[in-house]
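Multiple structures follow.
Common to both upcoming complexes is subunit A, partnered first by subunit B, then by subunit C.
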Partner chain A sequence: MNKKNFEIKTIFVFVTVLFTLFLIVPMCFVLIKSVMADSGGLGFEHYIDVFTSKGFLQAVGRSFLVSSVSAVITVVLAFIIAYAVNNTNLPNPLKKIISITTVFPMLLPTITYGFAIIYSLGKKGLITEFLGLNVEIYGFRGLVLGYVIYTLPIAFMLINNTFKYIDKKFIIVSRVMGDSPLQTFFITCIRPIIGTLGAAFVQSFFLSFTDFGIPAAIGGEYTVVASTLYNEMLGSAPNFGNGAVVALVMLIPSILSIILLNRLEKYNFRYNTSSNIGIEKNKVRDFIVGILSVVILICVLSVFVVIFIIPFVESWPYKKIFSIEHIIEFFKDTSLFKIYLNSLLVSLLTALCGTLIAYGAALVTSRSTLSRKSKQVVESIALIINTIPGMVLGIAFMLVFSGTSLRNTFFLIVVCNIVHFFSTPYLMMKNSLSKMCASWETTAMLMGDNWFKTIVRVVTPNAKFTIMEVFSYYFINAMVTISAVIFIVGARTMVITTKIKELQHYAKFDDIFTLSLLILATNLIVKGIFAFISKSQEKRKEKR
Partner chain B sequence: MLELRNLRKSYGSNQVLNDISLDIQDCEIVSVLGPSGCGKTTLLNVILGITDITDGQIIFNGEDISEKPMEQRGFNIVFQDYALFPNLNAYKNITYGLKNNPNISTQEEVEGLINLLNLNEHLDKSINQLSGGQKQRVALARTLVMKPKLLLLDEPLSALDGVIKESIKERIKTIASEYKLTTIIVTHDPEEALTISDKVLILNKGEISQYGTPEEIINAPKNDFVKEFILKQLTIKKNNIFSLFGGNNE
Partner chain C sequence: MKLFKKIILVSTAAVLVSGALAGCSSSGNKEVVFYTNADDEAVVAMQNALDSNGYSGQYIIQTFGTSELGGKLLAEGKNIEADLITMSSYYIDSAQEEKDMFLDLTFDHKTLNEYPSYYTPITCQEGAIIVNTEALEAEGLAVPKSIKDLSNPEYLEKISIPDITGSSTGWLLVQDVLSEYSEDEAKTIMSGILKNAGPHLESSGSGPIKKVRSGEVPIAFGLRHQAVRDKKDGLPIEYIDPTEGNFSLTESVAVINHDNETNPLAMEMAECIIKNGREELLETYPTPIYEGETADPENQSANPKVFSQPLTVDLLTEHTEFVEECR
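Up next, the complex of A and B:
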């Protein structure tokens, strides 16, 4: 190897080998498994088997239906909230509260959403009793509600981000040109974000289609693709060949989504400037949008109230008396607390190693002189991962590594998480690194630094905030994920989310909600620590 | 002395530098002047050592350094955007190189530089609090602490306005004579080039159009390019200023 660029080449080779072993090879295994006849040799019997069974096509149809309906609702709600935050004169503290509460559900695993819905809106549920409702929530309705809660934060973040960069000056221009208020609304508000609205729809659809936690909790008899996939792999009569076929079917909408998302990019406006000129006074508008947003958020949050209540009640719904017995018992049960420690370990390792790998990969593409081909390799890895649902990755890992000594190890779970969530951290890092001055490395080298010293003394300190964001992204996602890890955990390496799935069979909902609370508390602490660090850093900067 | 011998640089079939040969004497200030795309930044990168040459030789004080890696040549550069490190304050930027090479400049020498560049009151400031001219001076100080054998400046004045431009120009001249530094300045502004340097190298389409003292270029332009693009601009400027002061332009 040429001595020049030795370090960055080493990183490139490491990243490529890692993703070849833990992404490309496993995915090829799924493909091979799907075309292997049980008798050995090639054959399409699994495809025929899966597609001729009546239940499967029905499940696909249901998945499409329920995901589309949820995505439409999500986008509308997310738009209202984003509009309230960006285009009204609501007081700033209220806007801040709205933004923060909207993304709150991200701190909890999706499987918890399902159980929270059951305990809120099911028969004898908290809200059911409080409002005297009687709605069937198992199946379609429950799924839609769960998916909307799950995808609202992501849709909101997408739309909010675009809204922020709309040049508000154009509202004034449109008004002085004599447009009617409705025309102004369409030209200056809807048109600039139409691409993002599309992207939010696609993203919500994709997430709902591939989510495992919500149908696992609340799907009931209403079978969707995700539940079929789980049953083929870990159900009472597993059939790995059929499972591989279902996994590949799940991959199709995912790939289509990514293609669509790239197409939608073109609809996005690029404003040269973003002048903040102030928003026109309109009390009626502010009032309506403000009330709507608050109502939406109260509805979302009310579903989660049960999580805070059930563990502290003696026997829900029969003996509604305050008691901390469950909590005491929970902490006495060392096996449950050990699972929490497992989750903590997995999340910390995922965040630590994942951040390093995303950082390394981003250095290759944005701060090195490696060939364009090498950079394209890294870019393609990120793109491929974006199209692969967690469940499919988990199944791929299960097929490749069962029978090896890696099976059920923490190592494998951590690697699986790192691969699964790689895209976003990588893009965050790349974005931040490519904005930095291009001449730093040359300058530092002329001052006597070697490559490593430059990274430590200059690049890393300036990427500090992004590194912290990436770390907390990896940590929180590793804490709440279930879709991939459900297929690769073992008895010794159980994490909280998979334990919740197990506890479902014993109907131990006190423990389920207590574990969920632990996840929530941990995520809040991590968020809090990073918020504190960046705040105090900023203050120090201001003082200087 | 820096000697360039038949320097060529091409990217694929695209010839960026073509047969560049010239000598730069010790302690000389040389400006490289030309329109964008003429190859002046490539020439700078080639001398610095970021970019490899396709053909030819670079000889410094009798030694062929064409193959020598950038960090061993002992040259240094101030980039157009200064490349100051925002995580460090002005003083830490200036003394950045001392961490790797503690003996390269003494404390007195560093203080001398800070005084010369008038940076005393800005040392504790973060980079974002500095004005353009202050940033330029910090970047200059940081580079000079390294005692370069050859100082390269990439468009050092283009980001500065009016009065500051003139004062930085004077400072560059003072530094070059005080530290006996051979200095190469890349610029696209003829006025800047002709007023700051001992010699001017005019590049056009990767080739030397003319290499001479400012007087030679004004009084004996070698070809139409020099006349059309360099002298014409200066004449228009001159006339504008004369008419502004109501004077006679002859």
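Up next, the complex of A and C:
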């Protein structure tokens, strides 16, 4: 028995040690730092300091306000789009375009959103000049717009996913029973997804509350918790003790969100079958919802148009002449290209190692005979990570590893990314693995394969689509993230997003947008490669 | 399946290749890491000096906002990644006092004024009132003569100033207010100025002059030399030396003491920046600092002044708190 489980035990130990060192220890460090008085002893002076400071409670209030407002808007918009994709008779190609464009912003870092908004809707912005608008975008409005763009893809994916599995035949049932159209709408469309709508709200709220990129770009004087946290750690008068307190405060809504999400789970319906048969013909409805979706998406995408224009204009907004000088200059500047390579290296390593670790952890919980307790350990790791915002993790790393030889290394950045994004890949892998036949290992063992061979020959090929999804999830997130890495990069290990923050200081927007385009192109290529592989795999299956 | 194996192979290969590329570029890890808060023009001038004297590719330059780099210095001390910095001098002073982190400079440099042994200035920047003459006339506003004038209600939302919390240029304005007036008076003046600036309170030192150039506001407080250059370029810009005085700040170069691991190139580069960079730096920051340098008469302010207390981070914090109270 002992020998049989050797491999999986090794994996279990490895995963546990990894997360103890790079999650539990750093987080404990934050906690300790927050209760350590400057004189050396224990004390709550940092808590008192933070909570009695003039701006802090205001920043918390603003964070709550701006995040909730954004989340409400996001959920409404995401619902309209998901409705258009799932409950109408719009032509399929249009539905596909709508789904794809909705998630497009995910391929760009949030700090770019902020700058794109400034250059679109600012005083000399593209849309401002085009439409002759004049809106003040710094502060509340800019933040709401940024957060909505940021969280719309995630809210849409959640709602869309639930919508897919609703059995639309119930629409017919409801009509036959004599319900009014409005009743039918509520019973067959809203009621089954109410849990998901709640979850989408909570997710959007959480993401907005903890995002750093958007306030860094467009927050202006409107200080939110994320900007307070940045200033306490990397501002003019850093106070790590106070920073630790702010980080812990940021943790509270995160933990509440996760508890809420688990509660909301119960409201979800389970249908035994799903079909699209019930969708009634209703041209007016299709037209209205279709137009609304398209308008929403045009609004979102129009904000990003600038990033394709600015790098190719001589001097925005003064000399609007086409020029590829910036692009040439950019590629001549080897230091900028080096930073792109850094990002690529970090993302590839994160994706490769992250996928392996998520796979290993999922094997432990879903395909092993290890004790319930061990499985519980891995499950709790995933749950804890879900509650920890990137900024908090980054700060924890900064506190623990500064002064050690690990500081500012690629290794640390990669580990930080792997830990930061672990939850979703792990759950994806676990779902996929636990659906597979439980007796494969036993069968293979009887056939004479050892455990490792079984995993390579049987389990892995069956999980390959999920593995690819996990890989690209890790890759893209590592490419666009800024919140954690901003605290741990060094001059030799700069990545694109942190460089953008640096370039912001000089208002070098040509370079900022060129770097953003590079991120976008790279992510598109990675997405494209995986889409191509799954397509050709499917075709091969069909042939067989 | 084959395709799947291929993708694993390809991505592994890609990691190795980009690792090798990124690795090569930082091979040996011997480059000097150079942190600076300087403006673009100064960074370019320093890079030119280094590159044309054989240091090309031997350093990595990383730029920061003043407050960010200041925070890093005070938080990390000798542990900082940088080997060489240029930074607002008052921050270097405070960091040295708290962390004892800089080496004495070992090369000759003959400054006009006296500075501590561990740094020497690269630039000197003075503050002044800057106006857009066309915009001022169009609005029918009087030309302000002093900082106190800027608090005048007639300038409501007509002035732009840098915010002391993000910009040391903003501090120059606050020094004007605090050096000349009693505490109560200073408060009234500062509150008035902040109210007048309203939405035009800028976090970057060069923000206000940009707004004056574009005519968005007729009056600003900013760096004198920038206005002098704009005027020369034929823009409708005029600069006014406030009756309270032209206060100035220097930015300096310093070498971090990493004990046994100190990179000897860092000191050489510091010397190179001073010996070969000043000429180009003077084009943008025309105030003479070293013996043998002369200033264009236009770049000599009417009323140069030095704040009565030594400039330190503590004093900056004190002054920032004063401004917060006036908001």
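Here is the rule we use: the second predicted complex is superposed on the first by the 541 of 544 C-alpha atoms of A that agree within 3 Å, B and C clash if a C-alpha of one lies under 4 Å from a C-alpha of the other, contacts with A are read in each partner's own complex, and residues count from 1 in each chain.
Definition applied: contacts are C-beta pairs under 8 Å (C-beta built on N, C-alpha and C of every residue); 3 or more make two chains touch, one makes a residue touch a chain.
On a predicted model such as this, the values are computed, not experimentally measured, just so you know.
Clash-free side-by-side placement of subunit B and subunit C is the outcome of superposition onto subunit A.
Contacts of A:Lys453 after superposition: subunit B is touched, whereas subunit C is not reached.
By the document's definition of touching, of the two partners only subunit B reaches A:Cys437; subunit C does not. When the two structures are aligned on the shared chain, A:Pro461 is found in touch with subunit B and with subunit C. By the touch criterion stated above, A:His505 is placed in contact with subunit C alone, subunit B being left untouched. Of the two partner chains placed by the overlay, only subunit C lies in contact with A:Leu345; subunit B stays clear of it. Which of subunit B and subunit C touches more residues of subunit A: that partner is C. Seen from the C-alpha centre of subunit A, the directions to the centres of subunit B and subunit C diverge by 150°, a value given as a multiple of 10 for the model superposed on chain A.
By the touch criterion stated above, A:Pro91 is placed in contact with neither subunit B nor subunit C.
By the touch criterion defined above, A:Ile533 reaches subunit C but does not reach subunit B.
Once both structures are overlaid on their shared chain A, subunit B and subunit C have a minimum Cα-Cα separation of 8 Å.
Comparing the two interfaces of subunit A, the one with subunit B and the one with subunit C have residues 461, 464 in common. Interface of subunit A with subunit B (complex): residues 4, 437, 439-440, 442-449, 453, 457-458, 461-462, 464, 541, 544. Considering their complex, residues 48, 50, 69-71, 75-77, 79, 81, 83, 85-87, 89, 96-97, 99-101, 124-126, 129, 142-143, 146 of subunit B touch subunit A.
Looking at the complex, you find that subunit C touches subunit A at residues 1, 3-4, 7, 11-12, 14-15, 18-19, 21-22, 25-26, 29, 31, 33-35, 39-40, 60-68, 70-72, 74-76, 79, 81-82, 165, 199, 201, 204, 216, 313, 316-317, 324.
Of all residues in subunit A, those touching subunit C in their complex are 54, 123, 136, 221, 234-238, 240, 334-335, 338, 341-342, 344-345, 348-349, 351-352, 402-403, 407-408, 410, 461, 464, 468, 471, 490-492, 494, 502, 505-508, 529-530, 533, 536-537.
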